[in-house]
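Sharing a structure here in structure tokens format.
We call the chains A, B, C and D, going by the order they appear; numbering starts again at 1 in every chain.
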Amino acid sequence: MSEYILELKGITKIFPGVKALNNVQFQLLPGEVHALMGENGAGKSTFIKVITGVHKAEEGEMFLDGQKVDFKGPKDAQEAGIAAVYQHPTSYPHLTVAENIFMGHEIVKNHMIQWNAMYAEANKLLENLDADFDARAEMGTLSVAQQQMVEIAKAMSTNARIIILDEPTASLTRSESEKLYRLVDHLKEDGVSIIFISHRFEDMYRLASRVTVFRDSQYIGTYPVDGITNEDLIKAMVGREITTMYPKPEVEIGREMLRVEHLSRAGYFKDVSFSVRAGEILGMTGLVGAGRTEVVEAVCGITHAEEGKVYLEDEELHIRKPADAMQKGIILLPEDRQKEGLIMSWGLGRNVTLPTMGKYAKHGLNDNKKEREISRDLLESVDTKAVDIFQPASSLSGGNQQKVVVAKALGQEMKVVIMDEPTKGVDVGAKAEMYAIMGELAKQGYAIILISSEMPEILGMANRIVVMCNGRKTGELMRDEATQEIILDLSMEKAGRKGAD
Amino acid sequence: MEKKSLWKRITGSREALLALILILLFIIVTGFNSSFLTPSSLQQLIKNNAVTMVMALGMLCVMLVGGIDISIMSTLALSGMAIGMLLKYDYISGTIVPFIIAIAIGIVCGFLVGLVISRADVPPIIATMGFMYIYRAMGYLISNGGEWASASALGSFSDFATTKFLGLNCVIWIVIVCYVFFYWFMKWTRTGRKIYAVGSNPEAADVSGINVKNIKLLVFTIMGLLSGLGGALQVGIYASAMPNMQKGGEMDVIAACVIGGVSMSGGRGTVIGALLGSLILATIVKALPLVGIGSLAQNTFKGVLILVVVVVNIILQRISDRNALKGREM
Amino acid sequence: MKRKVISALLCVAMATTLLAGCGSSSSTSTSTEAEETEETEEAEEAEETEEAEETEATGSYAGQKIALVGKSAGNAFFEIAAATFVSTVEAEGGTVDLAYPEEATADAQIKVIDNLISQDYDAICLSANDTNALQAKLEEAMDAGIAVSSFDSAPNAESRQVFVNQAGTTAVAQALVDAVYDITDGAGQWAILSATSQASNQNAWIEAMEEIIANDDTYADLELVEIAYGDDEAQKSTDQTEALLQNYPDLEVICAPTTVGIAAAAKYLQDNGSSCKLTGLGLPSEMEAYTGDGDDYSCPYFYLWDMEGLGSLSAYATMALVNGEITGALGETFTAGDLGEFTITEADDGGTEIVLGLPLEFTPENVSEYAELY
Amino acid sequence: MAGKSGRSINNVPENPVKKMIFSWEGILVLLLIAINIFCSIFSEFYNLSSLLRQMPVYLAEVFLMLGMAFILVMGEIDISVGSIVCLSATLACLVSNAGVPFPAVFLIALLVGTCCGIVNALILTNFQELPPMIVTLSTQIIFRGIAEIVLGSGGSVSVTNTDGFRAIAGKVGQVPYILFLVLILAVIFAVILGKSTFGRSVYAIGTNRLTAYYSGINVQRVRFIIYTVMGTLCGLCAMFLISNSYGANTTTGENFEMDAIAMAVFGGIMSTGGKGNIAGGVISAIIIVCLRVGLGQRNVNAQVILLIIGLLLICTVGLPNLIKNARQSLKKS
């Protein structure tokens, strides 16, 4: 018997034109939480998919309990006791929670699905996880955090011995992450081995006992978490040292650009007021579902507020759709790059010029030559790592995709740039670059609203911080008075009260 | 975690709203013409729409995985015409054998459609448009260029459509059996739930080990099977087989499903919804001449009513969504 | 790029399979293979018609090339007449090509006629999907020297040379009204179940029926309650029949002058044991099961015409037109083989027509005999 | 792979000529040639002049394809076009018979079509949750239904004064006016779809509607315009149909939507949105016309022609995918 519950040796996976994994290795001890880290594109997700049988490696061997295994498909892995919770919840939005949990291994008697047994079983699992929703609820109506919980319940329902969590905290707020940590502890106590992928160092320190780092499709090393420092890890992941993470420049704060007064939309947010000045970065934080995104969406005309007023440079705005907002100089860079930010199958150039193509067109006809020049300039101005402007957006890493999204905003005279979770799922190196761009924009006199759940990011970049909770603004802090604790208190205010009853 | 009150569950469910619309329709029509709400009239309503009702089940499956099938009525014509000609020239007789043959032809047709869609990734609307032409042409070709098989040529085959079993017409029994079976199939079997899973999130289904391609193949084969059954029913009910049977009828089936709340983008829809949708459509069509709308204006009213039903459904949905939001605590 | 090349190859492959496929499917058409250029073709065509006029005296129909255009493919009713049309022409030494539009619409028929004009046909005989819509194309055909005749359903007077009427419109209407009168015993409610609202034959008969009833006091007690349209679909015809019965519980007779409609209505009435009876125009084979005396059957008797005679007469009329024996002018006479001599008379629409005879009555006694034929 | 500091992003496109030859349109041109060779062997009557003579009837449907291309690129569908053609043809005939001068009749036909298009557009933009298929299905029934009511029990109308219609059916030499009009419109629509910012936004909507919306494209305005223009094109189609039949009836334009969709899809415009261009659509339209004329001239059964078109549709879309899949699985193993 091997001491490892799972061991992979010399794994190589080739996609058309790309070596996604190059001779990597990995060992998992029974009952340990093992962090897997690396920049985006380092091959972590592919590696996970090799373990779970979704992809088949060209070379290499995998051992489970010392036995060589060869998974033909996800089903084999499931049966072997390996379950994965993927980065984007792979749920069925139209089906109930119980069905999501039991998909593929329903409780069946005489070829009949036993619904009541399934609901009961699912509720039992959810209770264990301390969930606040019923197994009969429709998946699509749950929050991202709740959906993640369902995914974990799903992994547990298969009695998995190895659970892989792929960036589980990426879309979770702090308190939700805390809940997840407790859950992982709980699983560990039950003897489950866990592979944990995350960009957040705090996750790793809190949970993992060992960490394996991948870089550029290669195995870099495995280190015990005790005694390793951020700097060491970053160096291992990025291959170089990052000196300043949050390059906040000193900027002269200008006049007030955007003012929002008493904005309300039933069911989403109520009576929200704030303002942002030129050269200022206004941080907006709070739990996911606190209504941050919904507020800025209403400001930009993506949805419509029922009450309240929006002023730009003291002029009242009546915005019905994003096009109006852009006309006035307000642009929202949405959170979901793949669905809302970019057209993934299109070339970078076209993506960048999409909001502005009307500006330089001649008689409604597109000026191709000018478009190419403009798009190259824009892409270079945010330092996008790309070969040419024709390559599809899907070929870029997350960080570079985010840069392209930012470049879209720079093609025209903008006054207010709203960034919704600009560093979500972006690796450390790209994050730093992103912050640099943000600082540069502030320097140029843009008013910036930064929505983020990441506390260090908010504290590091924002001049002022608006905290929201459950659809209301619960506080506004200046940079020097803000601390993690105060922000947490404010963002939990209502939630805390609700939890009490 | 408290359970929703019964009243809230009824008003919140799409099916309940549809049932309400159907009951309203019944009341209005009965107000105009009391002979509408008699057992024999209602039986006739189902019998005369049996084909659409049965095929709505297949369309439900197809639409659940985000597809659409406009070749169904060509499949119906092909299978119906095939048994018509076989009966006419005395190659077969009786009731069971023609049914089996029609269903077998339907399965083959549906299987081919499914193959093209699942294996060659042809968008369903294009693939089925192609097969619509192909199967219809084959129907013409096997009819010897336009022969019909009439009541006397069909022999005893069409007797089932006039025979009663336990007080109900056999055609209605077939419809009932189909609906009961599919209710069970879609709700209680793994395969049924897999269809929902594929429609709800194909990538996730793939990752969790469901063979998405085979499910797609399966739903189009089911659709073909029901089209074949529809062919036999059509020939039986009207005691006549013609190569241009039910031309354009696929749109009625699609409309029935959409009225019944089946989403065209997949994932959402229930057997009850398909039943109510096809009943609403059938009632509209049957009611138009009864409430005194002139022959020439009937089509216009039918179109307007379909539009009204789907739009009203959307508006009700919006209102209920808004109310749900208003109820959210701030 | 490689993929594109392969798909290009495939396209070529497909084209070749098309070639093969079409080659086999075209075996039904029997055109003579003459390799000529367009101009000489036209010249020769003109010559041919002149020649035909010269050989008028001999009365030979040999070598004629005639196109027969149906309303749509898959219409059994038309096929029967077409079969005799073909056999008649072929017996005389000519050839017939059948051509069908994709749909039963005038638009589709225009495309077919266009196709036929491009070929060197001597005559086109058609059953029109719309009265007026084909005028432009048929005039073009006649200008190109093609004889245009029609049967079953006539295009308007300007777009044909002669129309072979299966049975005079008035005669059909009279027969149907009399049948209704007879079945109702002279008084009561009755309704018409027609095909589509724009079916020209049905409309003509209905119009004539209404006229007869309005002008003759004998029928004063007959109350025509409604004209319903079943669109020649079994399902809709059944719905309409049922609605008629539910709207008019005292309805005594439904008159359905359309083959699909009458069969669907007959089936519904018979299955439900309704006291309402049915008459109209139908195919004996379709109606055999429903025709009989007493309450077990829904249809006491119904009408149609001599379908074979219609095909045969149309064939002779068309050939005579090509030969120049007739020009379609009023009063001309010609001999139609065994059918005897026919005179060209004036049609209701102002054009000319040849009337085949009276409608045939199908009774329980003779229906099975005719059902063998059509 | 370059671009370590991002300062060297290439913006020079590859050789467009090379791209054109190996594109789907290039293949279509080859197929067009192949089909013409085949037809001239198959039918002794098939030549340029017979083709030109028979073309006008088919060309009227190409107008519809032009609009349908936009709708398909947007990832939507409009199956009411045949009925709009019917309604505008009907009303045009009626007003013409009422003594309205021809230019006014022409405008009225376009206007009626446009109004029908606006009805579609209004419903679709106000109830965005509704699938276009079901909306246009009901308007399909409604528009034809209105025509049925207007036409009354005859179900058919013919124009008494055909001068104007004869005029638009005229020819320059052997070439009918309609061919010029189709080509001119095709060029205009091709430029709009391929070169203009409007066209770009149509592709954006068809590829990723949300991103387009977030990027400030007025999605509902674009949809409104396209459905409205589709209606106008139906009016145009109606006028040229009348010029062939001097009338209209309740079956006018039946199944034109399917023909238009078939032409567009065969031309590489996918129903899933975001792909294809007008050039492909026009070439495929011409291929289909040639095929129909060529086969029709030998009286091949119309159903068989439809069967062939159905096969062509499935093969052109399916075979490339099939080969791609086969090659991928070959590579895997």
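Everything below uses one rule, namely that contacts are C-beta pairs under 8 Å (C-beta built on N, C-alpha and C of every residue); 3 or more make two chains touch, one makes a residue touch a chain.
Because the structure is a prediction, the values reported are computed rather than measured.
Among the remaining chains, those touching chain A and also chain C are B, D. Among all pairs of chains, C-D has the largest number of C-beta pairs in contact. The greatest centre-to-centre distance from chain B, using averaged C-alpha positions, is reached by A.
In this assembly, the C-alpha centroid of chain A lies 43 Å from the C-alpha centroid of chain B.
Averaged Cα coordinates give chain B a centre that lies 35 Å from the centre of chain C.
Work out the mean CA point of chain C and of chain D, and you get 33 Å between them.
Listed for chain A are no residues, as none touches two or more other chains. For chain B, the set of residues touching two or more other chains reads 140, 145, 296.
Among the residues of chain D, those touching two or more other chains are numbered 148, 152-153, 301, 303-304, 306, 312, 319.
By the definition of touch given earlier, these chain pairs are in contact: A-B, A-D, B-C, B-D, C-D.
The touching residues of chain D, counted against chain C in their complex, run 22-24, 26-27, 30-31, 34-35, 38, 42, 44-45, 47, 49-50, 53-54, 57-58, 148, 151-158, 162, 169, 241, 244-255, 292-293, 295-306, 308, 312, 315-316, 319-320, 323-324. For chain D in complex with chain A, the residues that touch the partner chain are 1-7, 9-13, 191, 195-201, 204, 207-208, 210-218, 220, 274, 331-332. Interface of chain C with chain B (complex): residues 72-76, 78-79, 98, 197, 226-229, 233-236, 238-240, 242-244, 246-247, 249, 260, 263-264, 267, 271-272, 283, 285-290, 371. The residues of chain B lying in touch with chain C in their complex are 33, 35-36, 40-41, 44, 48-49, 51, 139-140, 143, 145-148, 150-153, 161-162, 234, 237-240, 242-246, 249, 285-286, 289-290, 292, 295-296.
Contacts from chain C toward chain D in the complex involve residues 1, 3-8, 10-12, 14-15, 18-19, 21-23, 25-26, 28-29, 31, 33-36, 38, 41, 67, 73-74, 97-108, 110-112, 114-115, 117-120, 129-137, 156, 196-200, 203, 227.
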